[in-house]
Amino acid sequence: SDETGSGGGSGSGASGGSEDGPKIGLAYDTGGRGDKSFNDSAYAGVEAAIEANGGEVQELSPNADASNRADLLTQLADDGYNPIIAVGFNYADVIGDVAEQYPDTQFAIVDGTGVDVGADNVTGLQFAANQGSFLGGVAAATKSETGNVGFVGGVQSPLIESFEAGFTAGAKAVKPDITVQVQYISPAGDFSGFNDPARGQIVAQGMYDAGADIVYAAAGGSGIGVFQAAAASGKRAIGVDSDQYETVGDPALQAVIMTSVLKRVDNAVEAYIGSFVDGSVQGGQDVVNDLSTEGVGLSYSGGFIDDIKSTIDDYTQQIVDGEITVPETPSN
Amino acid sequence: MTDSAPLAVELRGITKRFPGVVANKDIELRVARGEVHAIVGENGAGKSTLMKTLYGMHRPDEGQILLDGREVVFKNPADAIAAGVGMVHQHFMLADNLTVLENVVLGAEKAHGIGAAARRRIVELSDAYALGLEPDTLVEDLGVGDRQRVEIAKVLYRGATTLILDEPTAVLVPQEVDELFGNLAELKREGLTVIFISHKLDEVRKVADSITVIRRGTTVGTADPRTTTSKQLAELMVGAELPTPQTRTSTVRDTPVLQLTGVTVAGQGARPAVDDVTLTVREGEVVGIAGVEGNGQAELVDAIMGLRPLAAGTVVLAGEDITTWSTRTRREHGIGFIPEDRHRQGMLLDAPLWENRVLGHQTEAPNAKGVFIDRKAARADTERIMREYDVRAPGADTLAVALSGGNQQKLIVGREMSAGPKLLIAAHPTRGVDVGAQSVIWELLKDARAEGMGIVLISADLDELIGLSDTLQVMLRGGVVATLDPGAVTPEQLGGYMTGAVEGSTAGAA
Amino acid sequence: MSTAAPTTAAPARGPVTELFLGGGRGRRLTWILVGLLVLVSAVRVISGEQALTSSSTMAATLLLAVPLLLVALGGLFAERAGVVNIGLDGMMILGTWGAGFAGYQYGWQGAVVGGLLMGALGGLLHAVATVTFGVDHVISGVAINILAAGVARFLSETLYVDNPAGGGVTQSPAMSSRPPTFSLPVLSSGPDLLGKVEDLHWFLVSDLAGVLRGVTNGVGVLTVVAVLLVPAAYLLLWRTSFGLRLRSCGENPAAADSLGVPVYRLKYIAVIISGALAGLGGVFLVFIANIYREGQTNGRGFIGLAALIFGNWRPGGLAAGAGLFGFADALQLRSRTAVVALLLLVAVLLLAVAVLQATRGRFTQAITAAAFAAASLVGYLSIQELPEGIVSFTPHITTLLVLSLASQRLRMPKADGLVYRRGEH
Amino acid sequence: MTAVRKVGATLLAPVLAVAIALVISAVVMVAIGVDPFRALDVMVDFGDSPTQQVTAIVVVLNRAVPLFLAGLAVAVAFRMGLFNIGVEGQYRLATVLAAGAGAAISLPGPLHLVAIIVVAMLVGAVWAGIVAVLKVTRGVSEVISSIMLNFIALGLASFLLTGPLRGSEPGASIITTKDIPESGWFPSLNGLFDALGLANPPRQLYGFLLVAVLVGVVVAVLLKRTRFGFDLRATGLSASAASASGVDAKRMVITTMLISGAIAGLIGLPDLLGSDHNYGTEFTSGLGFLGIAVALLGRNNPVGIALAALLFAFLDRAAVPLQIAGIPSSVVTIIQGTIVLAVVIANEVARRIARRQAESGGAVAAPPAGDGSSPGPGSAPATGPALTNATGAAGRTDPTGSAQ
């Protein structure tokens, strides 16, 4: 598109003409680039997009208490970046206000909704994490020998609860009488659960001690504690978001990461930038990345679940075809 | 003194400056081996400073220190200790929460470790010099006399041959002083040298072999205790006669200001700190409370001020039962308070003088106007107090910490008098105050008494107590054990009652 | 609670009290432990919450308690030397960072050294500020907490982003080797006799087996070190001349100074040890995760400080404090329903307090305790499972409860927190 | 002391501190290959257009308001020697309940606001009151109890948010309370810019700024001018002297903590009433801890706290342009930490210089020696500097005997 973003009368005259490629603004969630997780994944998507379309990127990370999210977006818009991609649902509260003030700039929010915001220049890049988690549940139940699997959630937020819902549903779909242990590390609003590997280890160890042989870690940075517990107990674990087999950087842990439930933030971001360049970005709507678009899925690194690939593909197909509807919230 | 044997200690031309003060100027001191050498001088003359120099706590700006004829340089007390110099400070340097053993061996662990060998050595020392120490008692459980013996043991344990005692008798009653002097004689017999600081000239003459007098930071001469009178010594010290507290005619009236009935205050252990004390203070009367420190006087004061809850008994002020009143209400109703430790209870050191004038009288004119503090009026009144009570300071905005102790005390006295209290609690009103300020404060107390104020006077200075009081109450282990007539009692007798050596009586009580 | 609390002169008491409380600290401690075990065991049997004494919970307790223990020991050294150390959390953060940085390059041994060094560096900074410059201890500590977080982030940002070994702004690469763990042969591993006994769920016997197995199975090397550090700290501080000197600085530095004790130097040493121990606490966290992760300490420095105060500035006491907190935390992480069973325990304990107070004639206290006991009991009977938000603060409220129940005989070092200036005392 | 010297002494500390902090930060920057002058340049650059500049000012002010309130809450307690490390929990709980109450009630405009503010202050006060009551009746150190209560408040807030006060739809990515109706929004001050003929920025300047100023003035007057303030400061300077002067130590602890907590209750309101209109899981946390730093930096003095809050806010804003200039934003955190440390060291040095001047001034001003004008023999027990006594002692056992 040729919507040039010189918002707010900045007079900078910065233009993202298609000859030069877009001037992409990227606002990270706490942690910023180098978090080995969705921030990095988003960056990878931007990189790929630049590779394909040219252009440049400006990244910004929020301060320690993330009180300046709105400022990041404002600053990027002011400096003429367009499109601007906000990484993380925590931007949901501020993105609407900023977008309203810069109607000529396109915004996207990862894990958030563009519909509810009400501004017609915000696109939600959503992920059917419950679908991916469903497959994780399928893999866990199929591979479990004890009929007992576990789910460790980082923070009891709606997002993570949708992981739980999908995982449980997937496991039950394979073995209706399977035991699924569920535990969160910290309650809603207390984000320490995403950063406390020690607690992750302890919670997971409890599950292994109680008979689980596969535990799904939807716990951000605490997940590594889950892997440690798995390694210590000789059991297995499932990673989340990125292919943690690749990122964990420790052979002992690689050996226990059976699979990871992928959330292809990179693909979504790349696709979004692509459509921005095409001029097909609408705004005010959500792009749902699900199994059908391969926005979510399982990883096969390490080859631990290669043997059940057909089962997984089978369930994938059923979900894509709508034969199975994966719940978004835990049943109880 | 002969030149044949080298002197145990010789100080030559010692000068020590502090910011704004020259504490020692060109001081000479010569102490022979095996003698008890006294140093006398008024408050702030520089005695302690000189001793701290000799003990390596700071270095002199000028001058030399010679021990046994050899020059030494002390970088810190450890050096002094190694050279055989030990010091017992004016204010005890003991860690309350450590045991006697730990206090004694601290810093000298190399000698006998901190275990059984050390304990044996302490018991040996204790027996040899009759110190009566129990190595495993916590120091906080000890009385003043015992603490001092711990201090002496500390020095002896380090094998000191020269002992410095800075005002060792200030806090002791006469019997304890005698015990101490017994200990000193013991030390002398063993060939140790003792340097000894005191304000009590009679004592000095009794125990010392020679005397050095210091005035305004410099030596003014030496004296022979056998041939010099106290009066001469005093003149050397201050160039003036010592004032003695003398009560004028009795001004006691009939109306009671304060009546304590069965006042009991819970103590740390099973024994109450104040045990069933009953006494009356009338208008125009000074009731002196004598007692060795730690026998409940402080707690009694707290009880009268409402700073400590009563376990039993009543406090009546001018006919009104104030037992349940708060400290503030008590003060508002006419109790003035000169606390024992002015830095702890009497002043805000880091606040200006005018705020210190407000302290304790926050709700009264001229300091308060409704819920507000009237800063202007308080400042003005502070300046009045400074004028009337001779508080020497640059102005009402000076920080209290900048004042000398005497001036701080005068400000407190002025502040408490300004409210025109019915009853004044004066705890050690002249402690640490030099002769000049002392006599001013005595005069103020006497004037107040003449005007009908009732005064409770607590003091460790028995002369002061006897001289100012109309009635004397002796406290021992929390109870009043004797009521005495100050006109008919000597300091020695009083000391007897205070230590329990003499059984209680109500001799000549009013 | 604080079992090592100083015993003041014992007031006269009845024969029953005498049986349990007489006979010195050792016997009393034993009785208390036995009593607690019986009580907890009974509660387990009644509520059916096996997690209360399972070896798994005990192992988790150990994992949660050890970092607190290390931090609290760090606090002990500083505060016994008279320096309040509220910067422990910051030093712990530095410790985690140092462990992560050295760990990925030199393995677990390197991590230990790195964590100790970085923690010690934080301690050194605190010492410079408080001892040399005489800055208020709390202020300096708060500043160090802020600074440490910034430094860790900054160092990661400059050293890990684009580092081929991995890592990023919020985490280090993985450690290149793993610390060893130990298990008791036969009893806790191999035939695992204790494990078998534990699974029988017998009253008392299984509980004891669970506790023992929990603390002897797969125990990490740092756990062993930390546990040994408790008696070691006691011996060092109370049985050596170094310890005596150090403590004298916290009780009366002027006195120590006058005896030739190098007060400033000792305070420096103490605060540096303090930082190093806090750093070691950080290393422990890194060992669990195998990496440094930003925010890993999660306020444990503050909790460790609380354990120190809880334990009356004594090694045994702070270990008890850390243990209690760790247990409550393990329980809430493991099982939300077990936390409800804890209410039963609280009810019984409060009832005991009520009876004790009543026999002593303190009826208001007795009635208050009884009322709270009744409330706990009602809570136990009516609540199935507590919501996550409530469960999450189980350890904190437990600590607070115990502290407010235990009559306050806490005594901090007398000169703790006071700035000491030579000649300005 | 002459006026000139007084001003000199007052300015000495901040100047020294800023100098130290600048030097250390510059060294750090040079070490990582950043030109410190360029960094400084970036930090003070508020943009080219008037709108950008005004926006930057609004951003700084909006950030400064909660920081100021947090600093004030901490300082009130500090002033009497209590270390209220629990401001964090107090404001979190207060904000969630105020948000809940604000959404639940409907009142005409100003009344609605007043009601929300009152709820917030009450909750903050009650939460801080627990600390005070535990300290006074059970002798529990306020440091531990407030650390514990912070965690408990966090858990409770989470429980309230996900349970009784949940307002967001199931499935929404952020859990929030229900929105407060418009009558409970605090009007912004953007009208001011028009009135002043400045560019009206796209960001709203929090109207709560006025409340903060008001609270600051009230606290300043309370501390400086009233009997209560005198008692409070006296307790902070010397607890023993204060109680001997008739200050009821226990009541003082309770009242002070209630005031501190009430102010803490306000911390979340600028954001709540000015922009968010609900409390959600992403609500800014950590302001209570920053408040400690701000209070220390501002020397527990309302004017100083205002300046410190502005400085912190200014540095926080700079984090964004620094990143754009390719400088790591953690430089800002380091500068903040360094400044706090430098300020406290500089304060201490300056205080000592001032005290020495005062002491020697006193001695010099007195008439010649030998008349008893010299300071008394050091009969004082260890009397540390004011704040040391206050905070150090207050850390644990209570010197005023409110234990038992």
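So that you can tell them apart, the chains are marked A, B, C and D in the order they are listed, and the count of residues begins at 1 in each.
Keep in mind that, in the parts below, a residue touches a chain if its C-beta (ideal position, glycine included) is under 8 Å from a C-beta of that chain, and two chains touch if they have at least 3 such contacts.
Note that the structure is a prediction, hence the values are computed from the model and not measured.
With centres computed as the average of Cα coordinates, no chain lies farther from chain D than B. By number of C-beta pairs in contact, C-D leads over the other of C-D and A-C. Spacing of chain C relative to chain D, judged by their CA centroids, is 30 angstrom.
The distance from the centre of chain A to the centre of chain D, with each centre set as the mean of the Cα atoms, comes to 37 Å. The geometric centre of chain B is 44 Å away from that of chain D, both derived from CA atoms. Each of residues 154-155, 157-159, 161-162, 332-333, 378, 385 in chain D touches at least two other chains.
For chain B, the set of residues that touch two or more other chains is empty.
Counting partner chains per residue, chain A shows two or more touched chains at residues 61, 64, 156, 187-188, 190.
Here the chains touching each other pair up as A-C, A-D, B-C, B-D, C-D. If you check the complex, the residues on chain D that touch chain A are 47-49, 51-52, 55, 59, 63, 154-155, 157-159, 161-162, 170-176, 202-203, 275-276, 280-287, 290, 316-317, 319-321, 323-324, 329, 332-333. Of all the residues in chain A, the ones that touch chain C in their complex are 31-36, 40, 61, 64, 156, 183-188, 190, 192, 195-203, 205-206, 209-210, 221, 224-225, 228, 232, 247-250, 252-253.
Across the complex, chain B meets chain D through its residues 19-21, 42-44, 48, 90-91, 215-217, 238-239, 305, 307, 326-332, 337, 339, 341, 343-351, 355, 358-363, 368, 371-373, 375, 392-394, 397-399, 401-409, 431-437.
Residue ranges of chain B in contact with chain C, taken from their complex: 55, 57-58, 76-79, 81, 87, 89, 93-98, 102-103, 105-110, 113-115, 154, 268-270. For chain C in complex with chain B, the residues that touch the partner chain are 8-9, 11, 239-241, 244-245, 247-248, 251-252, 254-261, 411, 413-414, 423.
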